[in-house]
Amino acid sequence: MTSDYNFAFLDENTKRMLRRALLKAVAIPGYQVPFGSREMPLPYGWGTGGIQLTAALLGPDDVLKVIDQGADDTTNAVNIRRFFARVTGVATTERTSEASVIQTRHRIPETPLREDQILVFQVPEPEPLRTLEPREAETRTLHALADYGLMHVKLYEDIAQYGHIATSYDYPVLVDGRFLTSPSPIPKFDNPKLDRSPALMLFGAGREKRLYAIPPYTHVESLAFDDHPFEIQRWEQQCQLCGSGDSYLDEVVTDDRGSRLFVCSDTDYCGQRRAEPAA
Amino acid sequence: MYVAVKGGEQAISRSLELLAEARRGDPSIPELSLDQIREQLRLGVARVMQEGSLYDEELAALAMRQAAGDMLEAIFLLRAYRTTLPRFGYTRPLDTNAMRVRRRVSGTFKDIPGGQVLGPTYDYTQRLLEFGNVASEPSTQSDAPLPDAMPRVLDLLDAEALIERADAGSDPEPIDLTRDPMMFPADRATRLQNLARGDEGFLLGMAYSTQRGYAESHPFAGEIRMGEVDVVICPEELGFAIEIGSITLTECQMINQFHGGNGLAPQFTRGYGLSMGEGERKAMSMALVDRTLRCDELGEPSVAPAQNQEFVLSHSDSVEASGFVQHLKLPHYVDFQAELSLLRTLSKQHARQHAAEDMRAPETKP
Amino acid sequence: MSALLQVRGLSHHYGQRVGCQDVSFDLHPGELLCIVGESGSGKSTLLKTVAAQLTASSGSVRYHQRDDSWLDLNELDEAGRRRLAREEWGFVTQNPRDGLRLNVSAGANVAERLMAKGMRNYGQLRAIAKGWLERVEIDPARVDDAPTSFSGGMQQRLQIARTLVTQPRLVFMDEPTAGLDVSVQARILDLLRRLVNELGLAAVMVTHDLAVARLLAARTMVMQGGRVVETGLTDQILDDPQHPYTQLLVSSVLTT
C-alpha cells in the first residue's frame, strides 16, 4: 500500500460526498444522481465512475473482485485491481463467491449474487435516451415526467426494420416501474439477473458525472411489446471447456481458417465448474 | 488445447518497462531537468497548468517530462494529482485591473492611455527557423518603465455607456466545477470555468467557426493584457486578507457589435477569456466562444454549433474526450459477440427475403 | 353548449415589442376558427400563446376538461402542459419537418403518441398506423418508409395523421398549407375539412390566405399589429368587411 495517498486514493470528504449521493440513488431506484465526479488516475471512459464508487465503498476488511468482459485477467480489470491493491491494500479475489465488492465492466457474473455483496458497474453513458435525444436538459425533463414514448419509438422502429428488437446490449430497463435506466453495456443476456437481485447494484458514470442504483429485490423490467416479448441470447453450442449450456459464451477465433471455439465469458464460473466436475 | 488469454498482469508490467525506456530515450543524452522545461518551454508549461487547473510550474514541468511532451497526457497527469490535494479555501477574486502588465494590446483604438505594449510576442517574428543557438543577449531596458496598473480599454467605452455594464455585484456566487457537476442550462460563470479548462484546439476551432459564419459575432479585440496579478486569500481563522504570491495571467476582453433585442438596447457586448501564464490564443478563443454562448440571454437565434452550450461545454474537455475516444481500445468482445449474433440473424433473414423475392419476381412482372 | 376554450385579454410581448395584445375569444367544441392577417400581424404568436408554447405576458386561457372542470393554463406546470399537449391537444406546424421525426419510419411517427399513452402491442400499433395513413391518403404499404422519402404534401398529411391519431379534442394549426403547391394545398384542405367533421374536432388555424378561411372556418378573426381588428362569421367578414384593414385584405385578394 502506498502511503503518499489517502486510503482508496480519494480524500474522506470526497468519499462522504459519494456516499451521500449513493444513499440518494438507493432511495430513488434508477434515478441518475449528478455528483461531483473527480479526475481519477485512470482515463475517463475506462471505469472512473465505478472506481470512485468502489473507493467510497471499500473498507479494510472488504474483498474485491474486478472483472471486465466477465474475465478477471483482462488488462483493464488487472489494472483496476492493481490500483486498489496499491491504494487500499485490501484483499482481492477472482472468486465471485468470496468477494464483498465486485466491480464490473459489461457483465454480471453467472454465479448468483448474495445479499452481502455489492456489484459496481462501470457506465460509459448513463442516459438511455441519449442517442434519441442529445440535449441533457430535455432528457432530464422526460425522466421527471416519466415521458418515455420516445424509447418505444426506437423499439417499434427496430421491429419495423428487422422484425425484432435489434438491441443486443445496454438494453433499456424500467426500474421499479418508474425510471427508464441504462443497465450499462451488459449483453441483454444479463438483464434478467437485474430483476429482484439480492445484491445491491450500483452504477457509476465518471465522465458523465452521474450515479444510480438498483436496490436489492427491486423489480427491473426489460422494455418490450406485448406481442414482441423480451428475449435473451441463446447459443447452439455449449462451453467447450466446462460444458455449461446456460452461460454467456465468447467466440474465440483459434486459427486463420475460421475455426471457432465457444467458451464461457465468466472465467471464474468456468474455472469453478472445471475444478468441481458435476458428481 | 485452448489457452485463455491470460497474463494481463505480466503484460502490463512489461509494457511499463518499455514505456520507461522509450520515454528516457538514448541514456547517453542527459535527461531534461525540470528547470530546463520550466524556463525554456514556458508556453507548454502554461498550457498544462491552465488546462490541468493547477498553477504549479514545477509539477507541470514534471508532468510534461513524464508524458514525453504529450500535452494532453501531461494535463491528465496534473488533473489526477490535483484530485488528491486538500482544499483549504478559495482565493479572493483576482484583480486584473491591478495587473502588472508586460503586454497589452487593443485592436479598437490606435492609441490608448498607457500605450500599446507588445511585450514578448511571437506575433512579429518572421517564423524563420533559427538554426544557431538562441541568442541570450539581455533585452534593452525601456526608458520609461511601464506603470504599475493600466486603465482598461473597455472602461473608456463604459464611460460613454456604449458597452453593456458588467456589474461585479450582480453575479451569483459561482459553483466550483471541479466539485459540482455541470447542469444545463449552465450560467455564465459555470460556462467560463468550463471554457477555462477546455482544450485549446477545440476552443480555437469553435472560435474560428464563429468568424466564418457559424454564428454572427462581429468581434473586436477590445483589450488583451498579460502580466502578473497578486493572489489573495482570506483565511477564516485570520479574518483578514493575506497575499500568498502572484501568478502570470493573460486576459482577453472582446467587444462585439449587438443591434439590440430581448428588451436590450443596441450596444457593444462583452466576451471574456482568461488563461494562466502566457496563453493568448486560448484567452482569445475563450472570449469569442463565451460571447457566442450568450445567445439565449441576448435573444439571438441559436443555430450554430458554437451557440449550442450543451454541444460546446460537453465536448470541450480534453481529459474527458481523450479518455472516451481511447476507451475504444479496451476489450468490447462481450458486446461485439452480441452484435455478431444479431448481425448473423439479420443477414440470414435478409438472404431468405431476397430468395423469396427472386422466386416471386417473374410472376409480378407486367 | 359550453365553450372548450376561453381566451381573455391575452397578450404576449417580446421584450418591448408587442407580439399579440389583449385578445379575447371563445372556441366551442367542433368549431374551426381561423386567424388571418399578414405576416408579422401576431397571429402565430397568438396561436403559440394560446397553445401554451409561449408564456402569456398578461391575460388568461382556460380549457374546459372532459370532467367538466376548467383548467387555467397560467397555473399549469410543465408536466401538466406536456400532458395536455400529448393527450388532449395536437399541434400541426407549417413545416412538416418541424413536427415529424425524420429519422424514423412513417409508422413510428404515427404510433408515437399512442406509445406515449402506454399502448404496448406492436401489431395493434401498426394496424392503427396503417389505418391512419389510409385516412390521410398515403399508401399503407409505405408504413416503413422514412418521411424524408415523402413529398412535401405527403409529409404534411403524415403530420396530420401523427397529430390526430390519439383523437385530440383540440388542434392548433399554423399555416399548414403554406409553402405547398396550389393543387397540393387544395387536397390537404379538403382532407382537413373532412377529418375535422368526422372527428368533431375543435381547431384554431392560422393562415394568411382568406380563401383557406372561406373554405374551412365558420368564424374568422382578423389581426393587425398584434390586435384583433375584426371578428365574426367568415362569410360576413369576407363579403362585408367593416374594418378598413379587413377591407384592404379582402380587396387585395380580389384584385390578385
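To keep things simple, chains are lettered A, B and C as they appear, and every chain counts its residues starting from 1.
Convention: a contact is a pair of C-beta atoms (placed from the backbone, for glycine too) under 8 Å apart; a residue touches a chain by one contact, two chains touch by 3 or more.
All figures in this text were calculated on a predicted structure; none of them were measured in a lab.
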Problem set entry | Starting at subunit A, fewest touch steps before arriving at subunit B | 1
For this session: Could you find the two chains linked by the most C-beta contact pairs?
Result: A-B
Problem set entry | Mean-CA-position distance for subunit B and subunit A (Å) | 33
Exercise. Any idea how many Å lie between the Cα centroids of subunit B and subunit C?
Worked result: 47
Seminar exercise, completed: Contacts from subunit A onto subunit C in the complex sit at residues 141, 144-145, 147-150, 152-154, 156-157, 159-161, 224-228
Exercise. What residues of subunit C sit close enough to touch subunit B in their complex?
Worked result: 14-16
Exercise. Which residues of subunit C touch subunit A in their complex?
Worked result: 78-79, 82-83, 86, 101, 104-105, 107-108, 111-113, 115-117, 120-126, 143-144
Problem set entry | Touching residues (chain side subunit B, partner subunit C) in the complex | 261-264, 299
Exercise. Okay, in this complex, where on subunit A does subunit B touch?
Worked result: 5-6, 9-11, 14, 34-41, 43-46, 48, 68-71, 73-79, 82, 105-107, 124, 134-137, 162-164, 166, 168-170, 185-189, 207, 209-210, 233, 240-241, 248-252, 254, 261, 263, 265, 267
